[in-house]
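The next block holds one structure in the form of C-alpha coordinates; read it before the comments.
Each chain carries a letter (A, B, C and D) given by its place in the written order, and its residues are counted from 1.
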Amino acid sequence: MQWGISKTIVVEVSASQRFPGRYESLTKIAEFIRCACAQAGFDSCTTYSVETAVDEACSNIIEHAYGGEDIGEICCTCHLEEDRLVIILQDNGKPFKPEKFRIPKDTIPLKKYKRKKKQGLGLYFIYKIMDEVSFATSPSEGNTLTLVKYKSSPPPQA
Amino acid sequence: MQWGISKTIVVEVSASQRFPGRYESLTKIAEFIRCACAQAGFDSCTTYSVETAVDEACSNIIEHAYGGEDIGEICCTCHLEEDRLVIILQDNGKPFKPEKFRIPKDTIPLKKYKRKKKQGLGLYFIYKIMDEVSFATSPSEGNTLTLVKYKSSPPPQA
Amino acid sequence: MNITQKQFKRCDLISVEGRIDSATAPQLAEALEAITAAGRYKIILDCCNVSFISSAGLRVLVNTQKNCKRYNRGELVLAQIPENIRSTLDLVGFTELFKIFNDTLSAVGYF
Amino acid sequence: MNITQKQFKRCDLISVEGRIDSATAPQLAEALEAITAAGRYKIILDCCNVSFISSAGLRVLVNTQKNCKRYNRGELVLAQIPENIRSTLDLVGFTELFKIFNDTLSAVGYF
(Lines give C-alpha, C1' and ligand atoms only; values in the text may rest on other atoms or scores of the structure.)
Protein backbone atom coordinates (compact mmCIF):
# COMPACT_ATOMS: atom_id res chain seq x y z
CA MET A 1 0.00 0.00 0.00
CA GLN A 2 1.38 3.37 -1.01
CA TRP A 3 0.45 6.83 0.18
CA GLY A 4 0.24 9.59 -2.32
CA ILE A 5 2.16 12.72 -1.40
CA SER A 6 1.08 15.92 -3.04
CA LYS A 7 3.58 18.64 -3.87
CA THR A 8 3.07 20.63 -0.71
CA ILE A 9 0.84 18.67 1.62
CA VAL A 10 1.78 15.37 3.17
CA VAL A 11 -1.40 13.40 3.67
CA GLU A 12 -1.66 12.50 7.33
CA VAL A 13 -2.64 8.89 7.50
CA SER A 14 -3.37 8.80 11.15
CA ALA A 15 -4.50 11.27 13.77
CA SER A 16 -5.32 10.92 17.42
CA GLN A 17 -6.83 13.21 19.99
CA ARG A 18 -8.00 12.91 23.60
CA PHE A 19 -11.23 14.51 24.78
CA PRO A 20 -12.70 14.92 28.26
CA GLY A 21 -15.55 12.45 28.77
CA ARG A 22 -18.36 15.02 28.81
CA TYR A 23 -21.23 15.84 26.49
CA GLU A 24 -19.65 19.16 25.58
CA SER A 25 -16.88 17.22 23.88
CA LEU A 26 -19.29 15.74 21.37
CA THR A 27 -19.21 18.72 18.99
CA LYS A 28 -15.40 18.81 19.17
CA ILE A 29 -15.20 15.11 18.45
CA ALA A 30 -17.58 15.68 15.52
CA GLU A 31 -15.20 18.31 14.12
CA PHE A 32 -12.28 15.92 14.44
CA ILE A 33 -14.26 13.22 12.63
CA ARG A 34 -15.34 15.68 9.95
CA CYS A 35 -11.68 16.40 9.12
CA ALA A 36 -10.90 12.71 8.87
CA CYS A 37 -13.93 12.16 6.62
CA ALA A 38 -12.83 15.04 4.41
CA GLN A 39 -9.41 13.43 4.04
CA ALA A 40 -11.11 10.16 3.18
CA GLY A 41 -13.04 11.99 0.48
CA PHE A 42 -16.46 11.19 1.95
CA ASP A 43 -19.37 13.30 0.73
CA SER A 44 -21.28 15.46 3.21
CA CYS A 45 -24.03 12.89 3.74
CA THR A 46 -21.61 10.05 4.48
CA THR A 47 -19.60 12.39 6.69
CA TYR A 48 -22.67 13.37 8.68
CA SER A 49 -23.68 9.72 9.09
CA VAL A 50 -20.23 8.81 10.45
CA GLU A 51 -20.40 11.80 12.81
CA THR A 52 -23.74 10.46 14.00
CA ALA A 53 -22.37 6.97 14.67
CA VAL A 54 -19.38 8.36 16.57
CA ASP A 55 -21.62 10.71 18.54
CA GLU A 56 -23.75 7.74 19.58
CA ALA A 57 -20.68 5.70 20.52
CA CYS A 58 -19.18 8.52 22.59
CA SER A 59 -22.50 9.24 24.29
CA ASN A 60 -22.60 5.58 25.31
CA ILE A 61 -19.06 5.78 26.67
CA ILE A 62 -19.94 8.78 28.81
CA GLU A 63 -23.31 7.42 29.90
CA HIS A 64 -22.64 3.72 30.27
CA ALA A 65 -18.89 3.04 30.39
CA TYR A 66 -18.09 5.96 32.70
CA GLY A 67 -21.59 6.29 34.14
CA GLY A 68 -21.46 10.07 34.04
CA GLU A 69 -19.58 13.13 32.89
CA ASP A 70 -15.98 13.98 33.76
CA ILE A 71 -15.05 10.51 34.98
CA GLY A 72 -12.52 9.72 32.28
CA GLU A 73 -11.29 10.53 28.83
CA ILE A 74 -12.20 9.40 25.34
CA CYS A 75 -9.31 8.83 22.99
CA CYS A 76 -10.25 9.06 19.37
CA THR A 77 -7.93 7.82 16.63
CA CYS A 78 -8.54 7.91 12.91
CA HIS A 79 -6.61 5.79 10.42
CA LEU A 80 -6.99 6.66 6.82
CA GLU A 81 -6.49 3.52 4.79
CA GLU A 82 -6.64 3.11 1.06
CA ASP A 83 -10.21 1.90 0.91
CA ARG A 84 -11.57 2.80 4.33
CA LEU A 85 -11.58 5.09 7.32
CA VAL A 86 -10.96 3.34 10.63
CA ILE A 87 -12.07 5.13 13.80
CA ILE A 88 -10.95 3.83 17.16
CA LEU A 89 -12.57 5.03 20.37
CA GLN A 90 -10.89 4.13 23.65
CA ASP A 91 -12.05 4.59 27.21
CA ASN A 92 -11.17 3.29 30.66
CA GLY A 93 -14.67 2.79 31.96
CA LYS A 94 -16.76 -0.27 32.65
CA PRO A 95 -16.14 -2.95 30.00
CA PHE A 96 -18.95 -3.40 27.53
CA LYS A 97 -19.90 -6.97 26.74
CA PRO A 98 -21.97 -6.74 23.58
CA GLU A 99 -22.82 -10.47 23.87
CA LYS A 100 -25.05 -9.51 26.77
CA PHE A 101 -27.12 -7.26 24.51
CA ARG A 102 -29.35 -7.92 21.60
CA ILE A 103 -27.23 -6.36 18.93
CA PRO A 104 -29.74 -4.75 16.63
CA LYS A 105 -29.67 -5.96 13.07
CA ASP A 106 -31.91 -4.72 10.35
CA THR A 107 -35.16 -4.09 12.12
CA ILE A 108 -35.52 -0.88 14.01
CA PRO A 109 -35.54 -1.78 17.72
CA LEU A 110 -38.64 0.13 18.73
CA LYS A 111 -40.17 -2.47 21.03
CA LYS A 112 -39.85 -2.24 24.76
CA TYR A 113 -37.74 -4.94 26.37
CA LYS A 114 -36.97 -6.08 29.93
CA ARG A 115 -39.52 -4.64 32.29
CA LYS A 116 -40.61 -1.50 30.50
CA LYS A 117 -37.10 -0.21 29.85
CA LYS A 118 -36.94 0.92 26.28
CA GLN A 119 -34.32 -0.48 23.98
CA GLY A 120 -31.95 2.29 23.01
CA LEU A 121 -31.41 3.17 19.39
CA GLY A 122 -27.73 4.11 19.71
CA LEU A 123 -26.22 0.69 19.00
CA TYR A 124 -28.69 0.23 16.17
CA PHE A 125 -27.51 3.50 14.61
CA ILE A 126 -23.86 2.54 14.99
CA TYR A 127 -24.29 -0.91 13.41
CA LYS A 128 -26.51 0.43 10.68
CA ILE A 129 -24.24 3.30 9.67
CA MET A 130 -20.78 1.76 9.96
CA ASP A 131 -19.54 -1.10 7.78
CA GLU A 132 -17.70 -2.83 10.62
CA VAL A 133 -18.15 -2.51 14.37
CA SER A 134 -16.17 -4.34 17.04
CA PHE A 135 -15.84 -4.00 20.79
CA ALA A 136 -12.75 -5.22 22.66
CA THR A 137 -11.54 -4.93 26.25
CA SER A 138 -8.04 -5.41 27.66
CA PRO A 139 -6.66 -4.68 31.11
CA SER A 140 -3.88 -2.48 29.71
CA GLU A 141 -5.73 -0.51 27.06
CA GLY A 142 -9.25 -0.41 28.48
CA ASN A 143 -12.18 -0.60 26.09
CA THR A 144 -11.63 -0.26 22.38
CA LEU A 145 -14.42 0.29 19.91
CA THR A 146 -13.34 -0.02 16.29
CA LEU A 147 -15.58 1.53 13.65
CA VAL A 148 -14.90 1.12 9.94
CA LYS A 149 -16.43 2.96 7.01
CA TYR A 150 -15.48 1.92 3.49
CA LYS A 151 -14.85 4.52 0.82
CA SER A 152 -17.24 2.70 -1.48
CA SER A 153 -19.71 -0.08 -0.69
CA PRO A 154 -18.12 -2.78 1.48
CA PRO A 155 -16.61 -5.71 -0.44
CA PRO A 156 -19.00 -8.72 -0.61
CA GLN A 157 -16.74 -10.94 1.53
CA ALA A 158 -15.92 -8.37 4.19
CA MET B 1 -45.35 81.89 -3.08
CA GLN B 2 -41.59 81.38 -3.31
CA TRP B 3 -39.68 78.46 -4.78
CA GLY B 4 -36.63 77.25 -2.96
CA ILE B 5 -33.52 76.88 -5.09
CA SER B 6 -30.85 74.54 -3.80
CA LYS B 7 -27.19 75.17 -4.49
CA THR B 8 -26.94 73.03 -7.57
CA ILE B 9 -30.38 71.81 -8.52
CA VAL B 10 -33.17 74.07 -9.68
CA VAL B 11 -36.41 72.49 -8.55
CA GLU B 12 -38.60 72.03 -11.59
CA VAL B 13 -42.03 73.21 -10.67
CA SER B 14 -43.80 71.97 -13.71
CA ALA B 15 -43.32 69.16 -16.20
CA SER B 16 -45.34 67.97 -19.12
CA GLN B 17 -45.18 64.92 -21.37
CA ARG B 18 -47.33 63.47 -24.16
CA PHE B 19 -48.01 59.75 -24.38
CA PRO B 20 -49.65 57.66 -27.09
CA GLY B 21 -53.15 56.65 -25.99
CA ARG B 22 -52.48 52.95 -25.53
CA TYR B 23 -52.34 50.65 -22.53
CA GLU B 24 -48.60 50.20 -22.96
CA SER B 25 -48.18 53.86 -22.04
CA LEU B 26 -49.58 53.24 -18.57
CA THR B 27 -46.30 52.09 -17.06
CA LYS B 28 -44.47 55.05 -18.64
CA ILE B 29 -47.06 57.46 -17.29
CA ALA B 30 -46.66 55.81 -13.89
CA GLU B 31 -42.91 56.50 -14.03
CA PHE B 32 -43.53 60.12 -14.88
CA ILE B 33 -45.97 60.43 -11.97
CA ARG B 34 -43.52 58.68 -9.66
CA CYS B 35 -40.91 61.37 -10.37
CA ALA B 36 -43.39 64.15 -9.69
CA CYS B 37 -44.42 62.46 -6.42
CA ALA B 38 -40.78 62.14 -5.42
CA GLN B 39 -40.30 65.88 -5.98
CA ALA B 40 -43.41 66.53 -3.94
CA GLY B 41 -41.86 64.49 -1.13
CA PHE B 42 -44.64 61.91 -1.04
CA ASP B 43 -43.90 58.62 0.69
CA SER B 44 -44.01 55.38 -1.30
CA CYS B 45 -47.57 54.53 -0.24
CA THR B 46 -48.95 57.93 -1.24
CA THR B 47 -46.97 57.80 -4.45
CA TYR B 48 -48.37 54.39 -5.32
CA SER B 49 -51.92 55.56 -4.59
CA VAL B 50 -51.50 58.60 -6.90
CA GLU B 51 -50.08 56.28 -9.58
CA THR B 52 -53.17 54.13 -9.17
CA ALA B 53 -55.56 57.07 -9.58
CA VAL B 54 -53.72 58.30 -12.68
CA ASP B 55 -53.65 54.78 -14.10
CA GLU B 56 -57.42 54.56 -13.68
CA ALA B 57 -57.95 57.98 -15.26
CA CYS B 58 -55.74 57.19 -18.25
CA SER B 59 -57.39 53.79 -18.73
CA ASN B 60 -60.72 55.58 -18.87
CA ILE B 61 -59.39 58.04 -21.45
CA ILE B 62 -58.20 55.19 -23.68
CA GLU B 63 -61.28 53.04 -23.14
CA HIS B 64 -64.07 55.61 -22.95
CA ALA B 65 -62.89 58.99 -24.34
CA TYR B 66 -61.02 57.51 -27.30
CA GLY B 67 -62.95 54.26 -27.39
CA GLY B 68 -59.84 52.26 -28.13
CA GLU B 69 -56.08 52.24 -28.41
CA ASP B 70 -54.01 54.48 -30.67
CA ILE B 71 -56.80 56.94 -31.45
CA GLY B 72 -55.24 59.96 -29.74
CA GLU B 73 -52.71 61.13 -27.20
CA ILE B 74 -52.75 61.73 -23.51
CA CYS B 75 -50.96 64.85 -22.31
CA CYS B 76 -49.86 64.67 -18.71
CA THR B 77 -48.73 67.77 -16.83
CA CYS B 78 -47.58 67.96 -13.23
CA HIS B 79 -47.42 71.20 -11.27
CA LEU B 80 -45.58 71.12 -8.03
CA GLU B 81 -47.11 73.70 -5.72
CA GLU B 82 -46.12 74.54 -2.20
CA ASP B 83 -48.73 72.39 -0.49
CA ARG B 84 -49.92 70.13 -3.30
CA LEU B 85 -49.22 68.21 -6.47
CA VAL B 86 -51.54 69.06 -9.37
CA ILE B 87 -51.80 66.53 -12.19
CA ILE B 88 -53.56 67.51 -15.40
CA LEU B 89 -54.57 64.89 -17.97
CA GLN B 90 -55.71 66.11 -21.37
CA ASP B 91 -57.22 64.23 -24.28
CA ASN B 92 -59.14 65.02 -27.46
CA GLY B 93 -61.67 62.24 -27.25
CA LYS B 94 -65.37 62.17 -26.51
CA PRO B 95 -66.22 64.69 -23.78
CA PHE B 96 -66.99 63.19 -20.41
CA LYS B 97 -70.02 64.61 -18.59
CA PRO B 98 -69.62 63.43 -15.02
CA GLU B 99 -73.12 64.81 -14.22
CA LYS B 100 -74.51 61.89 -16.20
CA PHE B 101 -72.85 59.42 -13.86
CA ARG B 102 -73.34 58.54 -10.25
CA ILE B 103 -70.10 59.89 -8.92
CA PRO B 104 -69.17 57.41 -6.22
CA LYS B 105 -68.78 58.87 -2.77
CA ASP B 106 -67.84 56.87 0.25
CA THR B 107 -69.55 53.58 -0.30
CA ILE B 108 -67.84 51.12 -2.55
CA PRO B 109 -69.94 50.89 -5.73
CA LEU B 110 -70.24 47.13 -5.90
CA LYS B 111 -73.90 46.88 -6.88
CA LYS B 112 -74.94 46.27 -10.45
CA TYR B 113 -76.69 49.16 -12.18
CA LYS B 114 -78.52 49.74 -15.46
CA ARG B 115 -79.47 46.43 -16.99
CA LYS B 116 -76.81 44.09 -15.57
CA LYS B 117 -73.86 46.31 -16.49
CA LYS B 118 -71.60 46.52 -13.54
CA GLN B 119 -70.64 49.87 -12.11
CA GLY B 120 -66.94 50.43 -12.68
CA LEU B 121 -64.63 51.06 -9.75
CA GLY B 122 -62.27 53.42 -11.60
CA LEU B 123 -64.02 56.72 -10.80
CA TYR B 124 -64.51 55.54 -7.23
CA PHE B 125 -60.75 54.95 -6.92
CA ILE B 126 -59.93 58.33 -8.42
CA TYR B 127 -62.29 60.27 -6.11
CA LYS B 128 -61.25 58.24 -3.08
CA ILE B 129 -57.52 58.64 -3.60
CA MET B 130 -57.22 62.23 -4.81
CA ASP B 131 -58.10 65.25 -2.70
CA GLU B 132 -59.66 67.16 -5.59
CA VAL B 133 -61.03 65.90 -8.91
CA SER B 134 -62.55 68.00 -11.69
CA PHE B 135 -63.49 67.33 -15.28
CA ALA B 136 -63.69 70.13 -17.87
CA THR B 137 -64.21 70.24 -21.61
CA SER B 138 -63.46 73.04 -24.07
CA PRO B 139 -63.50 73.04 -27.88
CA SER B 140 -59.92 74.33 -28.07
CA GLU B 141 -58.23 72.24 -25.39
CA GLY B 142 -60.36 69.11 -25.42
CA ASN B 143 -61.00 67.29 -22.14
CA THR B 144 -59.08 68.26 -19.03
CA LEU B 145 -59.06 66.18 -15.87
CA THR B 146 -57.44 67.93 -12.93
CA LEU B 147 -56.29 65.78 -10.04
CA VAL B 148 -54.91 67.27 -6.82
CA LYS B 149 -53.09 65.61 -3.97
CA TYR B 150 -52.17 67.66 -0.89
CA LYS B 151 -48.81 67.19 0.75
CA SER B 152 -50.52 66.80 4.11
CA SER B 153 -54.20 66.24 4.87
CA PRO B 154 -56.41 68.63 2.88
CA PRO B 155 -57.29 71.88 4.68
CA PRO B 156 -60.77 71.77 6.26
CA GLN B 157 -62.22 74.40 3.93
CA ALA B 158 -60.72 73.04 0.72
CA MET C 1 -48.58 38.86 -15.52
CA ASN C 2 -47.47 35.40 -14.52
CA ILE C 3 -49.60 32.97 -12.56
CA THR C 4 -48.44 29.92 -10.64
CA GLN C 5 -50.68 27.64 -8.63
CA LYS C 6 -50.41 25.09 -5.89
CA GLN C 7 -53.18 22.91 -4.57
CA PHE C 8 -53.19 21.88 -0.94
CA LYS C 9 -55.56 19.57 0.88
CA ARG C 10 -57.96 22.27 1.98
CA CYS C 11 -57.01 25.32 -0.04
CA ASP C 12 -55.44 26.59 -3.23
CA LEU C 13 -52.54 29.01 -3.45
CA ILE C 14 -52.38 31.21 -6.50
CA SER C 15 -49.31 33.40 -6.92
CA VAL C 16 -49.31 36.33 -9.30
CA GLU C 17 -46.31 38.19 -10.63
CA GLY C 18 -46.62 41.61 -12.24
CA ARG C 19 -49.56 43.93 -12.91
CA ILE C 20 -53.19 43.00 -12.33
CA ASP C 21 -54.95 45.54 -14.55
CA SER C 22 -57.61 45.65 -17.26
CA ALA C 23 -55.25 43.87 -19.64
CA THR C 24 -54.39 40.99 -17.32
CA ALA C 25 -57.47 40.75 -15.09
CA PRO C 26 -59.32 38.36 -17.47
CA GLN C 27 -56.42 35.89 -17.25
CA LEU C 28 -56.54 35.99 -13.45
CA ALA C 29 -60.33 35.65 -13.52
CA GLU C 30 -59.98 32.54 -15.65
CA ALA C 31 -57.48 30.96 -13.27
CA LEU C 32 -59.69 31.72 -10.28
CA GLU C 33 -62.79 30.41 -12.03
CA ALA C 34 -60.99 27.17 -12.82
CA ILE C 35 -60.44 26.69 -9.10
CA THR C 36 -63.99 27.51 -8.02
CA ALA C 37 -65.41 25.48 -10.92
CA ALA C 38 -63.61 22.50 -9.37
CA GLY C 39 -65.63 23.07 -6.20
CA ARG C 40 -62.72 24.60 -4.32
CA TYR C 41 -63.53 27.87 -2.60
CA LYS C 42 -60.68 28.37 -0.15
CA ILE C 43 -58.19 30.40 -2.07
CA ILE C 44 -55.07 32.34 -1.17
CA LEU C 45 -53.83 35.01 -3.54
CA ASP C 46 -50.12 35.44 -2.94
CA CYS C 47 -49.39 39.08 -3.87
CA CYS C 48 -45.69 39.00 -3.00
CA ASN C 49 -44.65 39.73 -6.57
CA VAL C 50 -47.63 41.84 -7.61
CA SER C 51 -46.48 45.28 -8.74
CA PHE C 52 -49.86 46.92 -9.32
CA ILE C 53 -53.56 46.22 -8.82
CA SER C 54 -56.01 48.38 -10.73
CA SER C 55 -59.73 48.66 -10.09
CA ALA C 56 -60.31 46.13 -12.85
CA GLY C 57 -58.07 43.68 -11.01
CA LEU C 58 -59.82 44.35 -7.74
CA ARG C 59 -63.16 43.82 -9.42
CA VAL C 60 -62.08 40.25 -10.23
CA LEU C 61 -61.07 39.68 -6.64
CA VAL C 62 -64.38 41.04 -5.35
CA ASN C 63 -66.34 38.77 -7.69
CA THR C 64 -64.29 35.78 -6.63
CA GLN C 65 -64.76 36.66 -2.98
CA LYS C 66 -68.55 36.79 -3.42
CA ASN C 67 -68.52 33.43 -5.15
CA CYS C 68 -66.29 31.83 -2.52
CA LYS C 69 -68.21 33.12 0.48
CA ARG C 70 -71.59 32.00 -0.86
CA TYR C 71 -73.16 29.28 1.35
CA ASN C 72 -70.25 29.82 3.71
CA ARG C 73 -68.23 27.43 1.59
CA GLY C 74 -64.98 29.31 1.54
CA GLU C 75 -63.10 32.55 1.26
CA LEU C 76 -60.52 34.36 -0.80
CA VAL C 77 -57.69 35.70 1.34
CA LEU C 78 -54.67 37.77 0.38
CA ALA C 79 -51.11 37.13 1.47
CA GLN C 80 -47.87 39.10 1.30
CA ILE C 81 -49.36 42.28 -0.17
CA PRO C 82 -46.66 44.90 -0.77
CA GLU C 83 -47.07 47.78 1.67
CA ASN C 84 -47.92 50.44 -0.93
CA ILE C 85 -50.65 48.32 -2.50
CA ARG C 86 -52.03 47.47 0.90
CA SER C 87 -52.14 51.09 1.97
CA THR C 88 -53.99 52.05 -1.22
CA LEU C 89 -56.49 49.22 -0.73
CA ASP C 90 -56.94 50.59 2.78
CA LEU C 91 -57.51 54.08 1.42
CA VAL C 92 -60.20 52.92 -0.99
CA GLY C 93 -61.79 50.80 1.72
CA PHE C 94 -61.19 47.37 0.22
CA THR C 95 -59.13 45.80 2.95
CA GLU C 96 -62.37 45.15 4.83
CA LEU C 97 -63.40 42.73 2.13
CA PHE C 98 -60.39 40.47 2.41
CA LYS C 99 -58.55 38.85 5.24
CA ILE C 100 -54.88 39.67 4.79
CA PHE C 101 -51.96 37.54 5.93
CA ASN C 102 -48.35 38.63 6.14
CA ASP C 103 -47.09 35.24 5.06
CA THR C 104 -48.46 32.40 2.97
CA LEU C 105 -47.79 29.91 5.76
CA SER C 106 -50.32 31.55 8.07
CA ALA C 107 -52.75 31.80 5.17
CA VAL C 108 -52.54 28.08 4.42
CA GLY C 109 -52.74 27.36 8.15
CA TYR C 110 -55.91 29.47 8.39
CA PHE C 111 -58.01 27.06 6.33
CA MET D 1 -31.41 24.09 21.08
CA ASN D 2 -34.00 26.73 20.44
CA ILE D 3 -37.70 26.01 19.93
CA THR D 4 -40.29 28.28 18.36
CA GLN D 5 -43.91 27.36 17.83
CA LYS D 6 -46.83 28.47 15.74
CA GLN D 7 -50.37 27.21 16.02
CA PHE D 8 -52.54 27.04 12.92
CA LYS D 9 -56.17 26.10 12.62
CA ARG D 10 -55.55 22.42 11.96
CA CYS D 11 -51.93 21.87 12.84
CA ASP D 12 -48.98 23.05 14.89
CA LEU D 13 -45.60 24.04 13.54
CA ILE D 14 -42.63 23.55 15.80
CA SER D 15 -39.28 24.85 14.61
CA VAL D 16 -36.08 23.66 16.17
CA GLU D 17 -32.68 25.28 15.89
CA GLY D 18 -29.51 23.42 16.81
CA ARG D 19 -28.81 19.92 18.05
CA ILE D 20 -31.48 17.42 19.05
CA ASP D 21 -29.46 15.04 21.21
CA SER D 22 -29.61 13.38 24.64
CA ALA D 23 -29.05 16.76 26.27
CA THR D 24 -31.82 18.61 24.43
CA ALA D 25 -34.28 15.82 23.59
CA PRO D 26 -36.17 16.20 26.90
CA GLN D 27 -36.87 19.87 26.13
CA LEU D 28 -38.24 18.92 22.71
CA ALA D 29 -40.28 16.10 24.24
CA GLU D 30 -41.81 18.58 26.67
CA ALA D 31 -42.77 21.00 23.89
CA LEU D 32 -44.31 18.18 21.85
CA GLU D 33 -46.17 16.81 24.84
CA ALA D 34 -47.63 20.25 25.54
CA ILE D 35 -49.13 20.21 22.05
CA THR D 36 -50.54 16.68 22.24
CA ALA D 37 -51.78 17.30 25.78
CA ALA D 38 -53.88 20.10 24.30
CA GLY D 39 -55.55 17.51 22.06
CA ARG D 40 -53.64 18.60 18.99
CA TYR D 41 -52.04 15.74 17.07
CA LYS D 42 -51.20 17.22 13.69
CA ILE D 43 -47.67 18.46 14.10
CA ILE D 44 -44.99 19.67 11.75
CA LEU D 45 -41.39 19.62 12.91
CA ASP D 46 -39.51 22.23 10.90
CA CYS D 47 -35.92 20.95 10.74
CA CYS D 48 -34.56 23.77 8.60
CA ASN D 49 -32.16 24.91 11.31
CA VAL D 50 -31.50 21.55 12.93
CA SER D 51 -27.80 20.74 12.85
CA PHE D 52 -27.87 17.24 14.31
CA ILE D 53 -30.36 14.58 15.37
CA SER D 54 -29.09 11.77 17.59
CA SER D 55 -30.86 8.52 18.33
CA ALA D 56 -32.16 10.07 21.55
CA GLY D 57 -33.74 12.86 19.52
CA LEU D 58 -35.22 10.40 17.09
CA ARG D 59 -36.62 8.37 19.97
CA VAL D 60 -38.64 11.43 21.00
CA LEU D 61 -39.96 11.83 17.46
CA VAL D 62 -40.91 8.16 17.25
CA ASN D 63 -42.79 8.34 20.56
CA THR D 64 -44.60 11.47 19.42
CA GLN D 65 -45.46 9.85 16.12
CA LYS D 66 -46.98 6.84 17.91
CA ASN D 67 -49.02 9.12 20.12
CA CYS D 68 -50.20 11.28 17.22
CA LYS D 69 -51.19 8.39 14.96
CA ARG D 70 -53.19 6.61 17.65
CA TYR D 71 -56.91 6.45 16.79
CA ASN D 72 -55.99 7.98 13.44
CA ARG D 73 -56.16 11.37 15.10
CA GLY D 74 -53.11 12.93 13.56
CA GLU D 75 -49.53 12.64 12.47
CA LEU D 76 -46.08 14.10 13.02
CA VAL D 77 -44.47 15.16 9.76
CA LEU D 78 -41.03 16.60 9.11
CA ALA D 79 -40.25 19.59 6.93
CA GLN D 80 -37.08 21.09 5.49
CA ILE D 81 -34.71 18.40 6.75
CA PRO D 82 -31.13 19.19 5.76
CA GLU D 83 -29.92 16.75 3.14
CA ASN D 84 -27.23 15.09 5.27
CA ILE D 85 -29.64 14.42 8.14
CA ARG D 86 -32.23 13.11 5.73
CA SER D 87 -29.78 10.75 4.11
CA THR D 88 -28.71 9.39 7.49
CA LEU D 89 -32.34 8.89 8.54
CA ASP D 90 -32.75 7.03 5.26
CA LEU D 91 -29.72 4.88 6.01
CA VAL D 92 -31.03 3.87 9.43
CA GLY D 93 -34.49 3.26 7.96
CA PHE D 94 -36.39 6.00 9.78
CA THR D 95 -37.67 7.98 6.85
CA GLU D 96 -40.42 5.37 6.46
CA LEU D 97 -41.85 6.46 9.78
CA PHE D 98 -42.34 10.09 8.85
CA LYS D 99 -43.80 11.90 5.92
CA ILE D 100 -41.23 14.47 4.82
CA PHE D 101 -41.97 17.78 3.13
CA ASN D 102 -39.47 19.99 1.37
CA ASP D 103 -41.18 23.16 2.56
CA THR D 104 -43.33 24.08 5.53
CA LEU D 105 -46.04 25.48 3.25
CA SER D 106 -46.77 22.05 1.76
CA ALA D 107 -46.66 20.55 5.24
CA VAL D 108 -49.25 22.98 6.60
CA GLY D 109 -51.29 22.48 3.42
CA TYR D 110 -51.21 18.70 3.98
CA PHE D 111 -53.35 18.82 7.09
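Quick note on the criterion: a contact is a pair of C-beta atoms (placed from the backbone, for glycine too) under 8 Å apart; a residue touches a chain by one contact, two chains touch by 3 or more.
What you are looking at is a predicted structure, and each value in this text was computed from that prediction instead of being measured.
Enquirer: Compared with chain B, which chain's mean CA position is the farthest off?
Expert: Chain A.
Enquirer: Hey, how far is the Cα centre of chain B from the one of chain C, in Å?
Expert: Whole-Å distance between the two chain centres: 27.
Enquirer: Where the CA atoms of chain B average out and where those of chain D average out, how many Å apart are those spots?
Expert: Spacing between the chain centres: roughly 55 Å.
Enquirer: Can you give the whole-Å distance between the Cα centres of chain A and chain B?
Expert: So the centroids are 74 Å from each other.
Enquirer: So, with touch as defined above, which chain pairs make the list?
Expert: According to the stated criterion, the contacting chain pairs are A-D, B-C, C-D.
Enquirer: Flag every residue of chain C that touches chain B in the complex, lowest number first.
Expert: Against chain B, chain C makes touches at 19, 21-23, 52-56, 58-59, 62, 83-85, 87-88, 91-94.
Enquirer: Which stretch or stretches of chain D touch chain C in the complex?
Expert: Residues of chain D touching chain C: 6, 8-11, 13, 104-106, 108-111.
Enquirer: Can you tell me which positions in chain A touch chain D when the two form their complex?
Expert: Touch list, chain A to chain D: 23, 26-27, 30, 44-45, 47-49, 51-52, 55-56, 59, 63, 106, 108, 110, 118, 120-122, 124-125, 128-129.
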